[in-house]
Amino acid sequence: MRIIVTNCNTTQEMTEEIVRGARAAAGAGTTVTGLTPAWGPASAEGWLDSYLSAAAVLDTLRTYDGPGYDAVVLAGFGEHGREGVRELVDVPVVDITEAAAHLACLLGRRYGVVTTLDRSRGQIEDSLETAGVARNCAAVVGTGLAVLDLADDVGRTEAAFLAAAERARDAGAEVLVLGCAGMTGLQRAVGEKLGLPVVDGVAAAVKLAESLVTLGLTTSRTGSYGTPLPKTRLWGRPSGESQGDRSSGEPGGALS
Amino acid sequence: MRIIVTNCNTTQEMTEEIVRGARAAAGAGTTVTGLTPAWGPASAEGWLDSYLSAAAVLDTLRTYDGPGYDAVVLAGFGEHGREGVRELVDVPVVDITEAAAHLACLLGRRYGVVTTLDRSRGQIEDSLETAGVARNCAAVVGTGLAVLDLADDVGRTEAAFLAAAERARDAGAEVLVLGCAGMTGLQRAVGEKLGLPVVDGVAAAVKLAESLVTLGLTTSRTGSYGTPLPKTRLWGRPSGESQGDRSSGEPGGALS
Amino acid sequence: MRIIVTNCNTTQEMTEEIVRGARAAAGAGTTVTGLTPAWGPASAEGWLDSYLSAAAVLDTLRTYDGPGYDAVVLAGFGEHGREGVRELVDVPVVDITEAAAHLACLLGRRYGVVTTLDRSRGQIEDSLETAGVARNCAAVVGTGLAVLDLADDVGRTEAAFLAAAERARDAGAEVLVLGCAGMTGLQRAVGEKLGLPVVDGVAAAVKLAESLVTLGLTTSRTGSYGTPLPKTRLWGRPSGESQGDRSSGEPGGALS
Amino acid sequence: MRIIVTNCNTTQEMTEEIVRGARAAAGAGTTVTGLTPAWGPASAEGWLDSYLSAAAVLDTLRTYDGPGYDAVVLAGFGEHGREGVRELVDVPVVDITEAAAHLACLLGRRYGVVTTLDRSRGQIEDSLETAGVARNCAAVVGTGLAVLDLADDVGRTEAAFLAAAERARDAGAEVLVLGCAGMTGLQRAVGEKLGLPVVDGVAAAVKLAESLVTLGLTTSRTGSYGTPLPKTRLWGRPSGESQGDRSSGEPGGALS
Amino acid sequence: MRIIVTNCNTTQEMTEEIVRGARAAAGAGTTVTGLTPAWGPASAEGWLDSYLSAAAVLDTLRTYDGPGYDAVVLAGFGEHGREGVRELVDVPVVDITEAAAHLACLLGRRYGVVTTLDRSRGQIEDSLETAGVARNCAAVVGTGLAVLDLADDVGRTEAAFLAAAERARDAGAEVLVLGCAGMTGLQRAVGEKLGLPVVDGVAAAVKLAESLVTLGLTTSRTGSYGTPLPKTRLWGRPSGESQGDRSSGEPGGALS
Amino acid sequence: MRIIVTNCNTTQEMTEEIVRGARAAAGAGTTVTGLTPAWGPASAEGWLDSYLSAAAVLDTLRTYDGPGYDAVVLAGFGEHGREGVRELVDVPVVDITEAAAHLACLLGRRYGVVTTLDRSRGQIEDSLETAGVARNCAAVVGTGLAVLDLADDVGRTEAAFLAAAERARDAGAEVLVLGCAGMTGLQRAVGEKLGLPVVDGVAAAVKLAESLVTLGLTTSRTGSYGTPLPKTRLWGRPSGESQGDRSSGEPGGALS
């Protein structure tokens, strides 16, 4: 089977890292195809980035014209969009946030999430809540590292993860979740040092996607996730207009 | 003061209707400026539309270069984006979904929402939950009418609203909320027939926005809603590429 | 419009302070009338005081014979009575507890309340819960100061507030609420020092009351808040009997 | 031991009925003393009545000068005041609302409450919630009968109870609770007809009060229920002023 | 890898049916070994059966002396024991109740469970709650069929399932779960008729167990699920004493 | 009346201690009969022990052939089985876990549980949750002492309890619960030192059982707790097979 794994940001190196993680988890008969959105944020860190990412990921999948696929894995931890992708495609869709939580629930009575910046904690909590798996989440803890800084210095990342993991454990976590797609690969090293199972969302999502495909299950079209209604939709500014926002997050228009 | 009211879709007529409702509610010293996104869905009905709308609304506000403003009202009932806008601008941001619920909580022990299609119910429930005001929501009920059909036949819309309202009342609702920006103006007629207070989110959001501005309050920058970090962001496909999706919601790529 | 603001205790100076805060928040066309109950506790600190206050406030409004009014603001933070007043009068009723929480929810993902004595925390938590706005409350924290001591030494009050605010912030609060009507006026000073928005319930309630009046909304009579049924009610001991309790909270009758 | 059982209203006949029920449940060594408040509502039906009742019950206990007592039972189903009484007296305090729910939880997985007017349902739900026993409550259902009408026609009362009980059972109730002190005595007749255990709150509260006294347990003074602070409190209007409200629940002062 | 699948009852035919379902779901490299407890109930229908089953399943796994294994699947829907097995063995343990719910959460916004007798509903609800996946469960509905009657008449079983499924759908379920291991195999037929995805817990648990094994994840030993402490344990009556209970569920000793 | 009090483990000394505690709490006309299971764990510390204990306790009650009895008290704090016993016998069944919580709720706004090993905390939390009394539980805290070590050194036990109690108090507990049947008798000593009411579950359960018997109330047979269905059940291995597990909790069969 073929699984599409979409990065949530435009950073090609991160897609490659995610695809490596996905392939390491995938079964023998599974082909993993990575997609990097042609637009969106260079990294998703906050709500604005997350909503921009959601639209870009949807657009990427909408206009994808490669070989057919059997499932979609959304590789943005805590990012928006999964319900929209469930409407868009006819195959199973698994978000790495919920995937990690589903497996973590099987491994201990309470789990904790260790993520990047503190500002991402709220999105993750909300995402777990609406996915229906927040009940046994003991804590979502930040390391203080930005998404694109994770790969810079593996030692620093590991140390920051271990420090945050202690706080999650103090809050009752018996299992940990890597709270960023960019942490993929870290699970073995930190798991051994902590003496706790550590779940990587990318790997978890690949296994859940394979499971659904094997069992012939896909998204229900009854109720929430019906096919999008036919209508006019414009996916970005009419051409010719400026679309870049390369230098700053500072808006200019507000008065106060 | 000036309040920006953003429609969540590209339908100009609906912006005009929303602005009419907003002006009817606004105080003497308040100027209401309506914004229609240059891209996005013609109407938001489902998760895909909602995420597309969120990015388009953010882009619209990001590139707005008109006169300064004191508050933003987001006029998409149950649509995504409010947290991102709170990061983006320095002025208070009020979403009509939460606004209607806040006022409804003051008017009865339980409230109900009457919306358009059943498929929108889930988004509204999630939006109320994360806004912190779902506890006293007795029911979210659909009328079966699409967003752009609401204005076609006022009698039909009113009848459908009344039928759905009965179901909300049976579930315990003592107050009703108009669950679509396109229902603005309906509150008086149906309120009288039902003998219940009916809250319009657009009007509610204008009053809450005015309240926050008058009290000198704006979004906290500590924790969740910090200013977006400086980074590269592309708001739509590189120019020249096709962006339209004018005929169908059917994706083509999935295998099964 | 005219808004009646009722103090929850018999201390006239506190009514005056509350009225000053209410007037500072009120719009140009709003007249604020303060009411001090003729009976009840000198300050409300605990459940017994709160229930005594609730009856006294109801009696005060029941027997009010001044000019007509358009809304009632109940200025006792965490005190009981709001549902009874909703039954009693035909105009909108806003309690400062819920009002502050409603606005706080619009300003951050989690809010905290800083109040007087620790013993008041439970009442506030229950009041937020039944008002339907507790979900996003991160903490209710006491300063250790009694209600009538707040005004004695502004410096001490401010310092105690800031210390308690730190604990609320550690618990996740991104916005703070002044948890006592007697703190009205403190919001600007502590807000600047904390770098967080601080909501005063009196001001919030005035704006919400004005909003409801402007929108023509009032309490639903269907379900919970029907008009009180006609029946014999005695509002206090038959005359001639002792009513004072001026020296002590110690009951005498219990055995053990 | 001596248990004080306070009626929540001024209707002496109802106190007598409650005392009969309490005595039927009490152990051999227990003396039951009934108290009727000297003021308050003739029956408690709604929030205004409930708050008036709470103050009157507190005043009744505060000024009680009879023989010492070992526990207090508050015989108003869904009425306010229990936390205040816990502050006031040094002996255990049991409210019939919570008492019935505590025993009902031991008899089935879900229980239901059958009460008088629908308008009382909200108060009962809130009272169960804050008492910590709402989780297993499947439904609170009204019979449509007023408190003082219960005794008029036992056949009608029984029939109305049975009809409401069916609705509670459909909602999942496996045990029923008599939702009004005035229903005391009904449990045996309806229990047999329904084939379900039926818990009377007055009887339940007497047994729980006896249990606490026997075990030497009383209210914690740490935290919420400290002794009331010494201060000036006026329990009712200064003498000479009108206190009666004998004819109507209609307030006069509101504008609209 | 080898997965042990334990039936929760002593009925060998049902083990065979379960093993067939497990093998149909298992990957190419997976060996499924079925275990039937040597003691316990012939079918688990109610709490007494469930607790008896839990001990028997633990004993069966404790004394198992066949080839080594990589994971355990517990094939009793809603039955107790999973946490104990997590303590007992060093390999991943997946219960079919939680497994079905985890996959169902990925396929729709709300799921429903269709089970055998109504008396089993409570256990299932509790099992989903403590597993952390109850939040998105819309309903647990009984078919009225006993466990061992499911196989008697496939047409009747299917019809009863479809009728119950309608009730689950009315309650908001967008996905269905087969609420008994004895229903394994039914998913395809009823899924087509309902137009909804139907999840079989046995199949789901096999895929989740394979996923955990492949990812090198197993139960956390920190906190709840530590290895059982060394101590004396007797797994059944000393030999010679009667152990059978072949004729009746009626206890004899109670007085009343 | 006669109350059967079942120990949850096979340690006769502990049964005697429990019976002493039960008799100290029982009324004049109550006879307490202690039962020690003939099989099961020497002490229950963890889920495996708890499920083994549940079956053994059920078997003990099923085969009991002594004098008739009026109620059953289950004296295993946090242990499983209560719902099964409710199905089995026709008389009221009270578990000490829920019993302590029910009384604790009457004594303060929040209660805390102090138990033995940390590994037991999860079971207790789940037991309180499904019993419907978890809402007001502020914390479940471990002392680090094993069940059978409690009696060794009363001073050590008391010191460990007091240290754990401080943590519960910091979390908001106003009342404490002894979280192990083996702590019975400790309540008075630690209660005085802490200045808080301390509830012993054995005593609480005896009083609740007496209360239910006196009021003529017993378990509902409608819904969850119907009489067990007639069927073949084997309560332990066929005779001749080894049943002991005297030396170790280490399973042997797992691969990894």
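Some points to look at:
Letters are used for the chains, namely A, B, C, D, E and F, taken in the order the chains are written, and counting of residues starts over at 1 for each.
Keep this in mind: a residue touches a chain if its C-beta (ideal position, glycine included) is under 8 Å from a C-beta of that chain, and two chains touch if they have at least 3 such contacts.
Chains and their UniProt names: A, B, C, D, E, F = Hydantoin racemase.
No experiment lies behind these values; they were computed from the predicted model shown.
Chains touching both chain C (Hydantoin racemase) and chain D (Hydantoin racemase): none.
Of all chains, F has its CA centroid at the greatest distance from the CA centroid of chain B (Hydantoin racemase). Annotation: 53 Å between the Cα-based centres of chain C (Hydantoin racemase) and chain E (Hydantoin racemase). Measuring from the averaged C-alpha position of chain B (Hydantoin racemase) to that of chain D (Hydantoin racemase) gives a distance of 44 Å.
Averaged C-alpha coordinates put the centre of chain A (Hydantoin racemase) at 31 Å from the centre of chain E (Hydantoin racemase).
In chain C (Hydantoin racemase), the residues that touch at least two other chains are 83, 109, 122, 129, 218, 223-225. Taken as a graph of touching chains, this assembly forms a single closed ring in which every chain touches exactly two others.
Following the touch contacts around the ring from chain A (Hydantoin racemase) toward chain E (Hydantoin racemase) yields the chain order A, E, F, D, C, B.
Note for the complex: chain D (Hydantoin racemase) touches chain C (Hydantoin racemase) at residues 2, 10, 38-43, 45-52, 54-56, 58-59, 61-66, 68-70, 80-81, 83-91, 118-119, 121-123, 126, 129-130, 146, 218, 223-256. Put simply, chain A (Hydantoin racemase) touches chain E (Hydantoin racemase) in their complex at residues 25, 27, 83, 92-94, 98, 102-103, 105-110, 129, 131-136, 169, 172, 174-175, 188, 195-197, 199-200, 203-204, 207-208, 210-212, 214-225.
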